[in-house]
């Protein structure tokens, strides 16, 4: 790897990290604003113009709030919990292609941090670790509500990971690759996977809600039952990190969903646009930049959807959630795999004779 | 959307020395401001005033404008303890316990006649004001107060938060205050 | 159990239909409702800057009225104190001296008159009990929040309505 | 560089593995076990077997250990587990014997081992990749692979049967 | 059968005798009668079981303290309701203050459980056979029964109280 | 003595709890975890405490503790003149204080033998039904909140604001209304109040239909509530259930129909009944009752008779202010009434109204003095909260919370 690329990667990773932090920060603001708007209120509007400094106020407050470690808590694990949650959440955005290649001078830059050929597995692996943050934190608090939250989080995440993985397999069968970049590239123009995988997408979407602990699957922290669930005993920035991690997870999952099903940075008529420019480099760059914007638009749309759903639906009960996961989603996902396999076979039969 | 941009007193920028690209202010002020605009309440709602607090959270009054719409039922995460409603003697120790569990900085608002002074319930079972159990920062009169008055109380706490030293907790006066309530 | 009256209406739960079983239609309906509200006009009143219209009979902060000549109406009969269920009103009566006719309307007046706003439940019974139209609960003022308990003992200095200057008449 | 990385990870693996055994708090044991899996995954990556590395993390660290921790949390609520294991003399002797036997086996196994070196001419760096792995699994090792699948199915059915708590007579 | 105060009273007297059903009167349209603590449970059970009456709903129970009535200071009022006939009646039992013992009603009405605990809390009634007769509203440490007339209402710890102008 | 009843400090409380835990001990099982739900748990509205024995998420046993806001209403009522008790009743079921106010007034009127005019009765009916609506609004929307759907709660909260506007116009307060007087209302319905009621009748059905649409047929909500906290009619009657909670089990007992008061006989309405007595049925019954209440308000509003808004009872009802200032006789009556020197007859009365939660009864014993000799409140919440343990055992933690909110236990009424 030559040094230009190395430096580029370093900067890129920092930028992506910064963006995910920024988006997570402002997600809290948008969550509050969207909730307010849905509920006929105006939401925060006193901290800065339209309340735009609200996240900063929250962060400033949280930073300077007293650190509190309960007397009977396991100190080390208590501190480790939010750290794991945050670290894991921040790691997962590394393999997401936020855009196509950008050509500057002689070199072309891929707008992806690491293009590993098992990108989707990487995300899975990292996301599956996220639950440790909640479990360890909840357990270490030595509070029964926290413990219940932790246990709920663990069983929920494991159960829904299965259905999520199964629903993904259909996409992988279509794309024939585990690399997110390859999957993104295959969906040029309007050729998005959602047209072939509506059922798979639905399953993935539901599982995404469950994996990020959002309503209607916010059992681990359900306020009415468990007060704050696993983060009941956390104050100060440790709480902030949990909240942050949740929003980063939403961001990542939205990005993954746009990449897998909604064509990532691809948008309709992009080829026409590319060809409209005489200079291929310029055309490529314009399309790439629009693509990045499109990608983020899709991500924001998903984030909005997450919040919209949260402020509409009641939540499940623990056993119903399990039933939904194991009895409905997993069989459906397997069915989806079979259908997709059959479809591919049929397609090949008719095209290749 | 147009009705959102009406005249609203936003949190004022702290006074500082502004020059070309230069804005310095006391760090404490900034944090005070941050705290003031992100006061998460712990609604300790036992009776009628709690119902009015619901109205305060509702669309018409919307406590979220002050950044306080996230009720933290876990005392660790809350900044202000809003005691709303009658506190009986049986409940007194619980209030104290909740207060002890709160992380600094913490403020207490006694909302309504019962919490502030017992109100009409001058009876053998009712605590005549929660300031017998925990130190109270702001009193809100009314039985129950209108949501406007609850918001008033919140803004009073904001004023307190803005002008408070970061090290209030360590000050001897504060320690003495806590000691007088027998809070460790 | 058999019914007691002939006016009952059974609202018991019905079986779920297939579309209800599928979760999604109802969820979509709910989402439709919430998104409709997203674009609706907001109901919020920006409190410190705008205030909500209160009714004319709203029971707000007390005021001790003066009569048309500027003399205090209260005659310290003590009915309000008796009527107060919260025992928030205390007063001491005094004899009006010569030369104070412009200050006090009746021969007896309240030397001190205190309302403990913390205890007060704003029930309006004092206003109702007053035979001299002296104490009223104003609809346009609310008792403000304060830091100290002592500040809530409203004496005559804060209760008696300020003298109207003749120019404004 | 690869070599130093290998030694670094190898020693880390051993350290974590030892910590698994000697930690008094079972939750710490589990956490060290997870760390061990990570370092093993690092080894896989050094071997250019990314697929295996990812699957190792997903399956072992992401799922199985979560269940371990889950169970521990349930058992461990507020109670001290330390005292429950009695370390009497017999146990110590048994431990020594078992450890000695293991040691002997390891020594015997390693004695005649010759470290193979990849032949640069025939070395295929993509051998650990998904496609190759899949091809091998579905051609050369088809039968064992399917047998394993059946085995898993059977064990899953068994787990469901055991886990299902129903009133009335038991059908197995 | 149309339930009227007369025929219900007649039925009850026929069943329990004049000496156990006495002082019947009708202050507000609801027949009020007095019985002894030996008969109270049997009476309520009879009202419950009787096919014609079907008085199967316990509306409320309330203790009353009459410090001036020597030997019958404490009164327990049971108000029952026949939902079928929409007929209410009130039964009173008087007991002396030094011996406030009554049999429990919890075997007939589950509702009586907390009502009896409340009566114990307020007046000190002892209900024999009650499954869990402890204070319900006040703190366990309380040493007196606050609703008895001799105890003051006021919280003695109140500080801001100044004697009102006319006193109370 | 009273002075000994000082605040227990934390240690005493702990000791008290330990003692109670000991009482639990005989039921204690090694495999169960003890979970202390409340009193500051968000779903217990700050006052109820339940010590749960849980097997995982399943509740095996519960020990409820109440009395955390015991305020001694009944004792205070013995020390207050009749007219000063109205503010006390406000604070009992504060979600529907007008019903309490007027129930109390009717009781005293029954004692004093005052007949109040038709117009006052109709005004009372309107106010009581508005109160019932606001009570059911809170209960059902809180059920939504506790099951995770917060938004519907705020939608109907806006409507409650409109109900409060009407209250404000009628009596000058929002929540603790102190509405009405012994012998009628304190003032007539102003044109603005009438206008507000008309507006409310027009706007509210839409909002309520929307709220129903959001929850009623949503499968997540149905799954959460069907079969949760169910109780049979027999047990419910044994526990003394009344009101919506009893009607959800299928018993159509409603005081408004069985013992009509305040002209309820004039209105057409139905009693909604459920079948299973579970949370969902309670929700449905309350929903339907809101519609029925609307129907009643509409009828009363349309047929509001002319006449006086208070009874002609100079001994008990305060004379108009203008007369007090001018006429000596009125002034004497005024003084007598305010000083509480009214000639209340000796006697005892029981009067019950259909409160937001069920039969709200007032048992009043008068010895002819200026205060009631004994005033006992039949508080529906107190009576049926004891069934809570039975209703939640065997269910999950989440069920217990929904059951609590669907029972609509109002702490002020529970602890009195």
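Observations on the structure shown:
Order of writing sets the chain letters: A, B, C, D, E and F. Residues in each chain are counted from 1.
Throughout what follows, a contact is a pair of C-beta atoms (placed from the backbone, for glycine too) under 8 Å apart; a residue touches a chain by one contact, two chains touch by 3 or more.
Remember, predicted model here, so these are calculated numbers, not experimental data.
Each step here moves to a touching chain, and the least such steps from chain A to chain F number 1. Note on connectivity: the fewest steps through touching chains from chain B to chain D is 2. Greatest Cα centroid separation from chain E: this falls to D. Note: centroid distance chain D to chain F, computed from Cα atoms, is 62 Å.
With each centre defined as the average position of its C-alpha atoms, the distance from chain B to chain F rounds to 29 Å. Separating the CA-averaged centres of chain B and chain C is a span of 22 Å.
Within chain B, residues 4, 8-9, 58-60, 62, 65, 73, 89-90, 117-118, 120, 122-126, 132, 143, 146 each touch two or more of the remaining chains. Shown for chain C are the residues in touch with two or more other chains, namely 4, 27, 30, 33-34, 37, 41-44, 46, 82, 85, 87, 116, 119, 121-123. In chain A, 35, 38-42, 45, 144, 223, 227, 311-313 are the positions where the chain touches two or more neighbouring chains simultaneously.
Interface of chain F with chain C (complex): residues 80, 83-84, 86-88, 151, 155, 158, 165, 168-169, 171-173, 176, 178, 186-187, 192, 210, 213-214, 217-220, 222, 226, 233-234, 237, 250-254, 257-258, 269-276, 280-281, 284-285, 287-288, 318, 321, 324-325, 331, 334-335, 338-340. Contacts from chain F toward chain B in the complex involve residues 2, 5-10, 12-13, 39-42, 45-47, 67-72, 75-76, 87-88, 90-91, 94-95, 138, 154, 157-158, 160-161, 164, 174-176, 411-412, 415. Interface residues of chain E, counted against chain F in their complex, comprise 27-28, 30, 32, 56-60, 62, 64-65, 77, 79, 83, 86, 88, 90, 109-111, 113-115, 118, 122, 132, 135-144, 146-147, 149, 151-157, 168.
Of all the residues in chain F, the ones that touch chain E in their complex are 1-6, 8, 12, 16, 19, 23, 66-67, 70, 72, 74-76, 78-79, 110-111, 235, 237-240, 251, 253, 258-259, 347-352, 359, 361, 363, 365, 373-374, 376, 378, 382-383, 385-387, 415-416. The touching residues of chain C, counted against chain A in their complex, run 27, 30-31, 33-35, 37-38, 40-44, 46.
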